[in-house]
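There are two complexes below, and they share subunit A, which is joined by subunit B in the first and by subunit C in the second.
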Partner chain A sequence: METTPLPDEIKPVMENGVPADVVSCSAGGIPNTTIISQVYYVDRERVALSFQFFNKTVKNVRENPNACVLLNDPNGCATWILQVRYEHSETEGPVFDRMDMQIEAIASATGMTGIFKLKAADIYRVYSVRKVTFKPESTDQN
Partner chain B sequence: MTTDLEERLAAKSKEVRVLQQVSSEINSTLNLEEIFGIVLRTMDELFGFHHSMILLLDASGETLSVAASRGYEGQPAGARVAVGTGLVGVVAKKRQLMRLGNLGRQRAYMSTIREQMEQAGRGSELGESPALPGLSDVESQIGIPLLIKDTLIGVFFVESVEQRVFSEGDEALITVVANQAASAIHNAKLYRAEAERRSELAEAHERLKQLNETLEDRVRERTLELYQTNRELRETQAQLLQSAKMAALGDLAAGVAHEINTPLGSIHSNADVSKRVAAVVRKALTDEALAPVFSKHPRLEQALEALEQATATTLVASDRIVRIVKSLGNFARLDEAERKKADLHEGIESTLTLLQYKLKHGIEVIRDFGEIPPMVCSPNRLNQVFMNLLVNSIQAIGERGTITIRTRLDGDHVVLQFADTGHGIPSENLERIFDPGFTTRGPGVGTGLGLAITYRIVEEHRGAIEVSSELGKGSEFTIRLPIRE
Partner chain C sequence: MIPEVIVLFLDRAIVAIGGTRDKSLVPHVHRVSGWRCSPDRKTITCLIPEEFTSDLMSSLEDNGQFALTVCEVPSHETYQFKGDYVSSRPSNAGDVTDFERCRQRFAERVASLFGLPEEACRAFVPEPSIAMTFQVREIFVQTPGPAAGRRLVPREE
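After this line comes the complex of A and B, so read on.
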């Protein structure tokens, strides 16, 4: 399976587009959809997803590493669809620290310290990137 | 394509100009408030950050306080953020730049999680959202640590209600401005601390100076007190000594008066008898019947004359002894109360009588007495004053001269003046003559207590004594005493 490089224009979407939707599937073919708070740009070929609460997704990607991430771009009225494959989890290092820092900032500001925290940064390789643009309907009556 | 490049070039040029300007402005002042204003204004102009604040780390290192802000209404200066709380607190904790975006959706997401936890019965695990300074409907935030080397001094924080996208270039520029701001803030704080230290030193110096001045004043006061205490002590000692002497003199006078009065009475009585006998004999001499007898014995007439003269001399002498004994009693006033109404002239006369032996023939005493009423006083104490002044005058005159004693009434005061034609007092001694122990007669001759006691007695009578003197011409002591106590 060939990887697809992430375009530069997706960086701000990852920053501003979260929370994102993640779809995974068990080895038995049962799909699962959930929301995650962080999609972190690791490099042009990889992203990191925050592992906080959702044991079902974690279980699924360890059985079936293929997953799909939907990122909504609030500025561009677009959705980015990434096909990814789970590689490994990190509980320390610069990627983990960066994600942990952001989660800590949000959690501490909302009274969720100790609850809303990063357990691991799950590293995924990106296989395809697709941008779906929504064209706003015209309101011109003429 | 060219237009795009031109726009980007123009934008970069503007950034460089603004950076140069902010650098120049920041480095031209050491005023913290001015530095805050320059930094916040620059962020607004350069990046369009309409809401920004500078928070400085408190001395405890556990909280940050808002030192300056721009674009907010009703945000209290000094609002605090705990290190580790919110974006600002986490930036301070991690000492790294951090951005957060899409916060409206993040809040909605967090709200969903909270609801799910409450539904799952885990609501007690949830904490309260802390009150943080800043916008309530914020969408984008960025925080930059203000570092001096590796030491955090604060956080520069901007936020927006719009979705903002920060490029790496933006981050680099913001970091440059933040670093310059950190350096300028650090220098200004050092300068302020130094100024405060100098001010404290100046205040401490001033306090020390005042303390020294106070100390000098206190030393002066204490020295004066000690001087006065010493003077009073010496005066008291002198008075005790004088009192003892006067008591001894009084005892002696009383004894002498008692012993003398009895034989003196006999002498005076016998002299009187002799005088009358002589008169009888003289009368007999004139009797014609006895004339032949006396003519036969011419020495009988001579014996009678001798008897008459001796008797007269004895009577005069005995009268003088009576006066002296009376004066002795008057001077010591041994049989009288301490304070009583007394005639000062009487005291002066008694003193003169006692000093008669010293006055000799060469010293004339002129009495220029005015009308003064009897006044309540300590007569024996005032007699001491008269004695001291007159003895000094006699000693100053030597062989020949005049002592003039004047008395007069001046309003409700009696004025007594004792003037002599003695050798006078040198001007350098005039101020010291009332000091206890001051004498010009040399050791063993004078005690230096006479005038000190005089001064004290006059003070006891709430009076005043003054002296004027001219070397070679004489001295004059003037005493003013109030008539009423």
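After this line comes the complex of A and C, so read on.
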């Protein structure tokens, strides 16, 4: 399966503080949807997902590594849909440390200090990137 | 049957995201612009914009599995509904009321939380093209905290 490089314009979307959505699927074929606080840019071919609570996603991607991520860009009136495959999990190191710090900042900004706690940085390879831009709402000027 | 307290939650939630999977077990994400619970509290109808219907019908027709996470902000109260595809049709005028109500709640809360113009937030919720109904089989707590992951319906032993 070929890797798709992430465009530079996706970086600010990953840093905008808006929650992202993740869909995974068990080996038995049951999809699972979650909302997570952050998707982290690792390099042009990989992202990391923060996991704090939802063990079902962690369990699913270890059974079936396929996942789908939706990034929200309210300022650009767009979303980005990434098809990714789980590679491995990191519980220390530079990626984990930077994610942990950003999650603390998000928790502080949203009144969730002490609730959001990073357990692992799960590293995924990106094999498809699709930008979805919405049509502007029509306005009746008459 | 969906408990009354969850029906009331659905009437104040602002974000919903749907998930399917195809025959190769590859998951797909579908933003949901509006939703409503049936009077018998057995099904939920999701209003899905055209932009997010890629792989939706082919996946549902292949295996019928659907997951829906619904969230309220600023409380972060969140539930996930899992179930089986029942039917779909093009959205119609009767769906507009539910769509507009959900979109207005989203725009007001997100504008306040992120300091964005309310019109920009409204534009971030596209009009639906499909009304898809699924029968709810299970409901899970996803509110951040120690109860996350606990199954509410059917009640865990």
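By our rule, the second predicted complex is superposed on the first by the 129 of 142 C-alpha atoms of A that agree within 3 Å, B and C clash if a C-alpha of one lies under 4 Å from a C-alpha of the other, contacts with A are read in each partner's own complex, and residues count from 1 in each chain.
FYI, a residue touches a chain if its C-beta (ideal position, glycine included) is under 8 Å from a C-beta of that chain, and two chains touch if they have at least 3 such contacts.
Fair warning: this is a prediction, and the values are worked out from it, not measured in the lab.
After overlaying the two complexes on the shared chain, residue contacts for A:I35 are found with subunit B and with subunit C alike. Residue contacts after overlaying the shared chain place A:S108 against subunit B, while subunit C stays out of touching range.
In the superposed model, A:E15 makes contact with subunit B only, not with subunit C. Within the superposed three-chain model, A:L71 lies out of touch with both subunit B and subunit C [touch as defined at top]. In the superposition on chain A, contact of A:L49 is made with neither subunit B nor subunit C.
When the two complexes are superposed, the chain touching more residues of subunit A, out of subunit B and subunit C, is C. When the two complexes are laid over each other on chain A, subunit A has residues 17-18, 35, 53, 74-75, 110-112, 115-116 in contact with both subunit B and subunit C. Those residues of subunit C that touch subunit A in the shared complex are 15, 17-21, 24-29, 31, 51-52, 63, 65-69, 71, 74, 76, 78, 80, 82, 110, 114, 116, 119-124, 126, 142, 144-145, 148-149.
Looking at the complex, you find that subunit A touches subunit C at residues 17-18, 21-25, 27, 29-35, 52-56, 64, 66-70, 72, 74-75, 77, 79, 81, 83, 110-112, 115-116, 132, 134-137.
Those residues of subunit B lying in contact with subunit A across their complex are 84-87, 89-91, 94, 96, 98-103, 105-107, 109-110, 113-114, 117, 125-130, 132, 140, 163, 165-166.
Interface of subunit A with subunit B (complex): residues 12, 15-19, 35, 37, 53, 74-75, 97, 101-102, 104-116.
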